[in-house]
Amino acid sequence: MKKLIATLSARSPWLYRINAGSCNGCDVELLTTACIPRYDVERLGCKYCGSPRHADIVLITGPLTARVKDKVLRVWDEIPEPKVTVAVGICPVSGGVFRGGYSIEGPLDKYLPIDINVPGCPPRPQAIIEGVIKARDVWRARIGG
Amino acid sequence: MSSLDNPTSTLPIGPVHVALEEPMYFRLDVEGETVRGVELTAGHVHRGMEALALRRTLFQNIVLTERVCSLCSNSHPFTYCMAVENLAGIPVPERALYLRVMAEEIKRVSSHLFNLAVLAHIIGFKSLFMHVMEVREIMQDVKETLYGNRMDLAANCIGGVKYDMDAELTRFLLSSLDRVEGAVRKIAKIYGSDVMILRRTRGVGLFGREDARGLAVVGPVARGSGLPLDVRREAPYAAYPRLSFEVVTEQDGDVHSRAMVRMREMEVSIDILRQCARDLPAGPLSVLLPEIPAGEALARSEAPRGELVYYLRTDGTETPNRLKWRVPSYMNWDALGVMMKDCKVSDIPLIVNSIDPCISCTER
Amino acid sequence: MNDILPALFHMLVFPGGLFAVAAGLLLKGLDRRVEARLQRRVGPPLLQPVFDLIKLAGKETLIPATANRAAFLTAPLIGFTGMAVCAALIPVSGAYSGLAGMGDMLVLFYLLPLPAIALMVGGSASSSPFGALGFSREMCLMLAYEIPLLAVLLAVAMRVGAAVGGGAELSLSAVAAHQIAHGQFIADPVMWPAFIAYLLFLPGTMGVPPFDVPEAETEIIEGPLLEYSGPALGFFHLTSALKSVVVLGLGVAMFFPAPVPGGAFVNVLWFLCKCAGLMLVSLTVVKSATGRFRVDQAFTFYLRYPAPLALASLILVWQGA
Amino acid sequence: MFGFLKILAANVAKGPSTDPFPFVESPAPKRFRGKVRLNPALCVGCAICRHVCAGGAIHIAGRPDGSGYDFTLWHNTCALCGLCGHYCPTGAISMSSDWHSAHPQTEKYDWCERHFVPFLACEGCGEHIRPLPSALTGRIYADNDVDEAHLARLCPQCRQLETALHLGRNGHEDHKRA
Amino acid sequence: MKTTSGPDPRLLHGLETLSLKGGFHWTEDRTGNRFYWFRLDASEGLTRAAELLAAFEARMCTVTAYDPAREHGRTRHEIAYHFACAGTMVTVTVPLFEGTRSVPSITPHFRNADWNEREFMELYGINVVGHPNPRRLFLDETLDRGIMNRVIPVSVLMSGASSTDLWERILGGRGAEAETPGAGETEERA
C-alpha cells in the first residue's frame, strides 16, 4: 500500500527553481523546459510552482554568490520535506568558470545535500528533463516506493 | 480602491521571486495597490567577474565574458574580441565580419522573443507566452544547429570566428527565418491589437523623451521613448557599414511601445540576416594572432538590450591589466524609478520586464 | 431517522461528498488536458489531480512562525465544508432531484463565497504581505462578481415563479423540474443575457484568467496560497474541485437541466458531460485566450458587462416578457 | 482575445508539438557541443587545451615512472566552449554530440574523460617520449621526403639532428648534381 | 553610413588644455571610428572636464578604475571616464598619485555616474567627494572594500581556476601529481 502511494505520489513532482547567481543561461533553459509545449514536463505530472512551499523537486542554478547565499539557503529550508535537490549547470556543481572568484561561495554541495547533477553550460532541455526524471526516482525511493 | 487597511505598508519583492528571472530585491512602499516608493538592493548575481578576468588569459576571457549573461551572450565575447583587435590592430577577415553579424542578429531575435514572451507570462497570458516561446524554439534550433549550443554560441575568437557556414546550413537558416518571420508578423498583430495586452501595457510605465536623455538610457528603452540611439548606426562596426537597416523608434515611451520596438527590430534583424546570407564573401575565418602589445582600447556594440562598452588594458603579458565592461542594463535601471512612480503593484513586474533588465550583466 | 439517512447519503456519497469530489477532480483533469491541447502540448494524464492530492497528503505542513495557527489551519476546512454542503444541493436530473426544501438557491448564494472567504482568512492568517494583498484583491473581486450572480439567480427564480403563480421560486429542484416540463431556459431568448452573465461569472468565481488576480503567480506569487503546503494546500485544491462541480452544476440546473432517456447512470454521465461542456466554454477556452486583468480592471469589467446583462434578463422577466 | 482564438484553433488542429524525448531518444544536431572527447592516439600532451580552458577542467600529469601521462577532463566544470578543440594542433580533442549529463551526486567526481597516453622510447637515444601523431608529421614534413614514421618516434633533439643530417645529405647531393 | 561627424573641436580643445603635456591622442578602429584619449593634469581638472563635456551634450558611458602597475605592496590608481560624444568615444583619464584616494563626484553633471562611482568606491576603496548616495552597490558586506586592490601573484595567473584539492578528489589516487610532460611542448609552441 505504501509502495502504491509512493508510486502515485511520484507521478506529481512539482518543480521549483532557485537562481543562485546564474548567468541566465541555465535559468532560461529551465523556464523553457518547465513551461513550453515542446518539452511539456506536465505530461510527466510536473507542475512549475511559484511558491517554495508547494515544491517537491528544487532545481538550483548559479554558482552561489556571497550576497544570495543566505537567501537561497532560507528558501531551500522553506520547501517541505521530502524533497529532492537538483543542481543545473556546471556553476552549482563546481563553480564552473567562476570558481575561485572572491564573491563565489559555491560549490553548492558545501551547504546543501545535492541529489542529482546536470552539468552543461547550459544543459540541453532534454538533459534537464533527464535530471528531473532521475530526481523523481530518487524522490520515489525516499518516500518509500 | 482596495486601500481598506492601513495607508502605506511595505512589500518586499525578491530576491527569489517568480516574476523576476533573476534575483533582485525591491522594497516597495505601497498604499493599497499603489506604489509610492521603490528602493532596490542589487548584487545578488555579483560574481566578481572583473577580478576573475584579470586572472584569466586573453583566450580564457572569451569564454568568461560569454558567461556574463546568456541572453546577450554573443555580444560580450564579440565586443571583447573587438577590443583586443582594436588594441593590437588585428585585421579581421571580411567573411568573419559577416559571420559575426549573423551570430549577433540571431541572438537578438531570440532575445527579443524571450522578452516578449515573458511580457505575456507576466500578464498571465500563458498560451501566448507558450506560443511566443515556441516561435523562439525555431531560433534555438538555428543556434543549436549552426553553433552547437542553444544559449552560448562560442562563435567568436580573437581575430575572427570559429565556425563557418556552408550551403546546406545557409538553406536551413533561410528557411527557419521564413518561418520565424511569418510567426513574428502574426505575433506583432496580436500584441498590437489584443485587448488584454493593450489594456495592461498602454500608458503603463511612462518614460518621456527628456527623461530618456537625462538618464542616458540605451537600447530599446531609449528607442521606445523616441531617441534613435543605435551603435550599429552611430559608430558602425563589423559588417554593419555595408548592411542597410532601419533604426526602429516608437514615441509613446510606455511598456507597449518598448515591446513594439523589440517586435519591429526582429523583422529588421531577419532582414539583416538575409542580407548577410546573400552577401557573405569568401575568404578565411580568422587571422593568425600577433603578439598583443601593451596598451588600452575601447570597443562598442549594440547588444539586444542596447549599447555595450568594453574597455581593455594590457601590459604585454598574457592576462589583461584591466578588463571592464558596461552593459546596457546598467544604464537602464535608474529609469525604473521614473517608470514606477505611482504605478500599481500588478504593473511592477511588467515595468521591470519592459527595460529587459539583465541582472547578471549588470552586476557581473 | 428516515429523512436523515438519505440526506446523509446525499451529503457524503451522491451527489455531494465522494461523487462531487471525483467529478471535480475529473473535470480538473479534463480542463488541464484540454488546455494543454489548446497550447500544443500533450498535457498531464486525466487523473493528474488525484496524483497531486495523494502527493500533497504525504508532505509536511509548514506553518509560518508569524502565522495565526488556528486560523491558518481551519481556513482550508471552512471552504471545503461549505462546498461539500453545496454539492448536495445540486440536482442531477434523471438521477437526483435535489434536497427537498425551499430556498436552496439562497443557501447556495450564501455558501458559494465560502472558498473565497477561506482564502482570505488563510491569506491574512499567514501574515505574509502577499497574503494581505491577495486578501484585498479577493474581497474586491468577490464584491464585483456577486452582483451579477445575484441578478442571474433572481432572474431564474422569478421566471420560474412567474410561471407557477407569481413571486420567486427559490428551490433548485423546482427550477429544474419546471424547465424539464416547459422547455429549458437556454432556448429562451429572455434568459440569454442572464446565461451570458453566468458564463462571465464562472471564471471570476473559479479564479482563472482573466480574473486570477488574487492568486496572480507572477505578481504576488499565488497570494494567499503562498504559505500553504502539504495536506492544507491539498484541501484548497479539493475545495476548488468541489466548487467547480457546484458552480457548473448550478449552471446546468438553471439553464439546461433536461435529462436524456435512460437510467440514472446514463443521466449522471449526461450531467457530467454538460458540466464539462460548460467548463470548456466558460473556463478552459477563456483562460487560454486571455491574460490577467488588473484588479481595478476586473472590477469595472464585472460592473460594466455581466451585471447589466443579468439585470437586463431580470427586468425582462419582471416585465413579463 | 478573438484573434488569439484563431491561433488556439490552429494549435488544436496541428496537434501537440511536444518532443517525445523521455520515451524516445532525442538526437542532437551534428555540430552540437556535447561532452568533450579525447582521441589518445592523436594527443601529444602539449597542454594548449589546458592553457585556454576557462573552466580549468583539464588536468594533465605525467606518471612518476615516466611511462606516460594521464589526461583527465572533468565534465562538471567544462563550459563546453570548444576552445580546447579549436586550438588543439592535432585534432585530438573534439566535442561529441553526447548531451546526456544528468548523474547522481555520488558520481560527481567520476564524471570524467580519462585517458592514459603512453610514452615510447626514442629510437635515437632511448629517452621516454610521446611519439608525434602521423597527422602532425604529415603536416610538418609535407614538402620533405623523409621517413616520417621514423622521425615521429624520435625525441625532439634526435629528430632535429636527424632532419639536419637528412637536409645536409640531400643538400649535398643537390650540390653535387648542380 | 555614419550619421555623425565627431565631437565639436571646441570641446576637444578645451579638454586638451586641461590635459597633461602630451596627454592627448586619438586612435581609430578598422571601420574608422575614432577614440579620443585625454590624461588630465590632476583630479581637480575632472570637475571642469565634466562641466565641459556636459555642456557639449556628451553621454557618460562608463567609468573604469584600475591599478596600472599591479605591483606588490603599492597601489596607485587611475580612473578613466568614458563618454560618447557625437558618435565617437572620448576617454578622460585621471591619474591619482600614490596615497591619494579620492576624486570629486561628477554626478552633478552626469546623473548616471551614481552607480559607476559607487562601484569603484567599493571595488578599489577610492573615496568620491560629494557622492549623493555612497552605499555599497554590488559587493556583499562580508567582503572587504577595495577587494580589487589585492595583488594577484603571477604563479596563479595561468590556470587560476584549478585547485589541487579539487583535482585530488577527481583523480582519486590515480596518477600521482607530477608536472606536465615536456614532450611535444616545444614543437607545438613553435
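Labels for the chains are A, B, C, D and E, by order of writing; each one numbers its residues from 1.
By our rule, contacts are C-beta pairs under 8 Å (C-beta built on N, C-alpha and C of every residue); 3 or more make two chains touch, one makes a residue touch a chain.
Here the structure is a predicted model, which means the values were calculated and not measured.
**Student:** Show me the overlap between the contact partners of chain C and those of chain E.
**Tutor:** Neighbours common to chain C and chain E are A, B, D.
**Student:** A-D versus A-E: which interface comes out with more C-beta contact pairs?
**Tutor:** Of A-D and A-E, more C-beta pairs in contact link A-D.
**Student:** So the centre of each chain is just the mean of its C-alpha atoms; given that, what is the distance between chain A and chain C in Å?
**Tutor:** It comes to 35 Å between the two C-alpha centres.
**Student:** So what's the Cα centroid distance for chain A and chain B, whole Å?
**Tutor:** Result: the chain centres lie 26 Å from each other.
**Student:** Please report how many Å separate the Cα centroid of chain B from that of chain E, as a whole number.
**Tutor:** 23
**Student:** Taking each chain's centre as the mean of its CA atoms, how far is chain C from chain D in angstrom?
**Tutor:** So the centre of chain C lies 64 Å away from the centre of chain D.
**Student:** For chain A, which residues are shared contacts with two or more other chains?
**Tutor:** If we look for residues of chain A contacting two or more partner chains, we find 37-38, 40, 43, 50, 65-67, 94, 96-97, 99-100, 102-103, 121, 124.
**Student:** For chain D, what residues touch not just one other chain but two or more?
**Tutor:** In chain D, the residues touching two or more other chains are 1, 4, 8, 11, 16-18, 28, 51, 53-56, 74, 77, 79-81.
**Student:** Give the residues of chain B that touch two or more other chains, as numbers and ranges in rising order.
**Tutor:** 18, 43, 46, 48, 51-52, 55-57, 63-64, 67, 121, 127-128, 130-131, 134, 149, 152, 196 - these are the residues of chain B that touch more than one other chain.
**Student:** If I apply the definition of touch given earlier, which pairs of chains qualify?
**Tutor:** Once each pair is checked, the touching ones are A-B, A-C, A-D, A-E, B-C, B-D, B-E, C-D, D-E.
**Student:** Which residues, counting only chain B, touch chain E once they are in their complex?
**Tutor:** 42-43, 46, 48, 50-52, 54-57, 82, 85-86, 89, 91-92, 214-216, 233-238, 240-241, 296-300, 307, 309, 311, 313, 315, 317-319, 321-322, 324-326, 330-331, 333-334, 363-364
**Student:** If you look only at chain D, which of its residues touch chain A in the complex?
**Tutor:** Interface residues on the chain D side: 16-19, 21-22, 26, 28, 54-56, 74-81, 99-105, 108, 111.
**Student:** List the residues on chain A that touch chain B in their complex, please.
**Tutor:** Per the touch definition, chain A meets chain B at residues 18-29, 31-32, 35-38, 50, 52, 62-63, 65-68, 71-72, 75, 96-98, 100-104, 121-122, 124-125.
**Student:** Residues of chain C touching chain D in their complex?
**Tutor:** Residues in contact with chain D: 36-43, 285, 288-290.
**Student:** Over in the complex, which chain D residues touch chain B? Could you list them?
**Tutor:** 1, 3-4, 7-8, 11, 17, 28-33, 51-55, 79-83, 86-87, 95
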